[in-house]
Amino acid sequence: MKRSIVLAMLALILAGCGEEPLPLQTGEADSAIEEATEVGTVAPIARVERLRVATTTSLYDTGLWGYLEPMFEDMYGVELDVLYAGTGKALDWGMRGDVDVVTVHSRTREELFVSEGFGLERVPFAYNYFLVVGPADDPAGISGMSPEEAFSVLMENGEAVFVSRGDDSGTHGKERSIWTAAGFDYEAEVRTAGSWYVEGGSGMGPTLVMANEMQGYTLSDIGTYLAYQGDLDLVPVVDQGDALLNVYSVLQVGASRNPELSAALVEFLTSSEVQRLIGDYGVEAYGMQLFSPCAGQDI
Amino acid sequence: MFHLIEAFSIALRMIVSGDAVVFSIALRTLLIASASTLAATLLFVPLGCLIHFNSFRGKRLARGFIQTMYSVPTVFVGMLVFLMVSRAGPLGGMGILFSPWAIILGEIILIFPIITGLTLSALQGTGKGLEDTAIALGARRRTMVLKVLTEARYTMLTSVLMGFGRAVSEVGVAIMVGGNIAGHTRTLTTAIALGVGKGETASSIALGLILLSLAMIVSIMVNLLQHGGNR
Amino acid sequence: MILQMKNIHLTKEKNRILRGVSINVPEGSFFVLMGPTGCGKTSLLRLAGLLAKPDSGEVHFHGIPVPSKGEALFQTRRRIATMFQTPVMFSGTVWSNVSWGLKIRGISKTEVVRRVEQILDFTGLENFAQRDASTLSGGERRRTALARALVLNPELLILDEPTTSLDPSFKRDLLSRLNEIHSRTGTTFLMATHDFTDALAVGTIGAVMRHGLVTQAGSIDELLFKPENSFMASFTGMRNIFPAEFAGSMARVGEVDVAHAGDRNGHGFLAIPPESIVLALSKKVTSERNRLTGIVKSVERSGINWDVEVEVSDISLTVAVTTGALNELSVTTGSSIYISFKASAVHLF
């Protein structure tokens, strides 16, 4: 009896070992957790090229990458590994040469990335707008203001909760630039402003969930907000202002081990066909456009 | 509340109907954890035996070090492995970052202290008296070692199971060096971490239930073995 | 001599456990190694069983020095069996425990069965063969451990404190079994005990250790009746030990003069065994040369006898009295009493 348990365990482990290459390297996508669709089987790792793209969470959480991924894979016969992270971390992976392509949204950091020789070229491919979302009763009374005005009021108010991404992401960078434009020193004044200013330290989706739980305000990209809207009581309170423009760019990493495929991915995203798909993405589900295509524009 | 009940019933349906995505994630998790545990077993059970059956300078120190390592945080191991296998790191040439192999490497490191340490305790647990008794009854050294291993086999298997339990349920290493890539490095824990963040309650619950069952199966087996060992 | 240990030294973690111990164990003897807990008995037995090596000194087996390593050491060790103070059972049945030593020697299955059955009968374990060893009581474990060692037909059987923490009845049973086995097999026994009465029950010869040294060695009778020092006297259970100033056949203990059978001068010790002192209510003329008067200080039960504490001048003597004698004399605390003992009963050392 005892011996049979031992043997069974061993068999399990050994069996697991033998079959290993198969499921580890299949390329199924996760329809529930991911919005990509099919459960495919793809040849083992040795025979399939893999390309890694690090994307900002907003492009991931809205499901755009899950939607585009199988298309690219079919087109080029490659496994596309999509890694999600804030803009800061995604660019860091790029600098280390751990990913081939990045899709992020922070113009200054992208330009720095290129000028320091880590990326080949900053190629904008889509944009939308940020929103300040908050509780429907708008406790701080900032509805309809410009983002800079709204932030000043929040600072004066000192009670209404504001949840910051606090994760060095593109959205976080945008938030900081608005604070600066409103005349505050981010490090010295905002971060130390009090318990109403919360640094969440997570992606856009979790930050929205957190702001919802705390009945506070937060700065969100429109795409993620719409994708999460069903689960949230938060409504857009500030949606006008140049400061809210949110541009997504794709950058080929200089140290990419697969420059051809990396270039192909940049081309793929800016191709007219995919640009059209990006423009249409989510219209059916949310009743409005999540991303506006902008390939070829300098914004 | 209603939302939760509904999510639960969807989760159960996903499990019962054998939802392909849920099960592929579960299978992948099992395989990664099994491979890590197998490799760690092959490496560290013998290491534990070597430490136990030999006397050398610094033996006590080694033992203490291994025990301290029990509580090493998974994110620390994750960071370490990331820095090692990142292309800019010393093992960057292997190109295993963001692949299951990186997770396996991380989990091997993560469960090293558990398997080595518990193997040591299992062997120590048989007592010095057992070794002396075997020798006094005329055993050669290798016969004695074999006897001690036989006596300690259930507790040693427990250490392997504990290692597996830790590997299967850890999230820090998997997310940092695996990257939670759908269909490639997504495991139960990382999928749950993502699913909860995205408010996908039902599938997260389904994955959570599977993870819970795995953990429970492991601890039931540990209990059975301990019972068997104490008989 | 089957075993000779010569000038053995052993240090463990800076404690000098053995400081030059020598013992000679004659072939066929039941050698009892005595001494209080912590005197180094167990360490010496581990060395005798060839389970450890001394820092210095020699171990001879059948007159031949035992090599410190290699196949020769292993082969010699196989001729000796050790039973530890706390026997460790292997998992499995009593049978599998007892047969293990034979199996690892590659002995044929039929021979194993024959010898194990024989030894189980011998040790009264015939009904325990299929019992799970982990369910045995302390006494049964000892017997199993004994069988496990005996089945190997060792030339030398080493037993470390086989009677500790056994109930008195189990203890007597085990000791008489050991005695019987010893006389039937002719195997040499080397047994350690901290209890001198164990030695009286089984031993023919022995040594007493103290602080890592042998303080006295010889036949059990010699150890009991001719203690060479006060430690020996008190260890063997001797009471009424006093420092004394000797002058010829007399000795002065405190303010009391004691006649003895020896001839000695100067300072030393003497002992008056409690059993050899006689109590009387009146001052009779007796043959005993020592006749004293005292006052009863206390009366206490000691086993089936009584210990009467009598104060004589400035010393206090313990007298062993039977219950019958106690009733006859109607000894009570505070009463005066006469005591007498022979000069030849007094031990000098």
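As written, the chains take the letters A, B and C, and residue 1 is the first residue of each chain.
Everything that follows uses one rule, which is that contacts are C-beta pairs under 8 Å (C-beta built on N, C-alpha and C of every residue); 3 or more make two chains touch, one makes a residue touch a chain.
Keep in mind the model is a prediction, meaning the values are calculated, not measured.
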| item | value |
| --- | --- |
| Reference chain B; chain at largest CA-centroid distance | C |
| Most heavily contacting chain pair (counted by C-beta pairs in contact) | A-B |
| Chain at the geometric heart of the assembly (C-alpha centres) | B |
| Inter-chain centre distance, chain A versus chain C - centres from mean C-alpha coordinates, in Å | 84 |
| Rounded Å distance between chain A and chain B, as computed from the means of their C-alpha atoms | 32 |
| Centre-of-Cα separation between chain C and chain B, whole angstrom | 54 |
| Numbers and ranges of chain C residues touching at least 2 other chains | none |
| Complex contacts: residues of chain B adjacent to chain A | 14, 19-22, 24-25, 27-28, 30-32, 34-35, 37-38, 41, 86-89, 92, 95, 97-100, 153-154, 157, 160-161, 179-186, 191, 194-195, 197-200, 202-204, 221, 224-225, 228 |
| Residue ranges of chain C touching chain B (in the complex, touch as defined) | 46, 49, 51, 74, 77-78, 81-84, 86-88, 90-91, 100-101, 104-105, 132, 134, 148-149, 152 |
| Partner chain C, residues of chain B touching it in the complex | 127, 129-130, 132-133, 135-140, 143, 147, 151, 230-231 |
| Partner chain B, residues of chain A touching it in the complex | 2, 5-6, 9, 12-14, 16-17, 19-20, 23-34, 36, 39-40, 45, 52, 61, 66, 79, 81-84, 95-99, 202-203, 205-206, 209, 228, 231, 255, 257 |
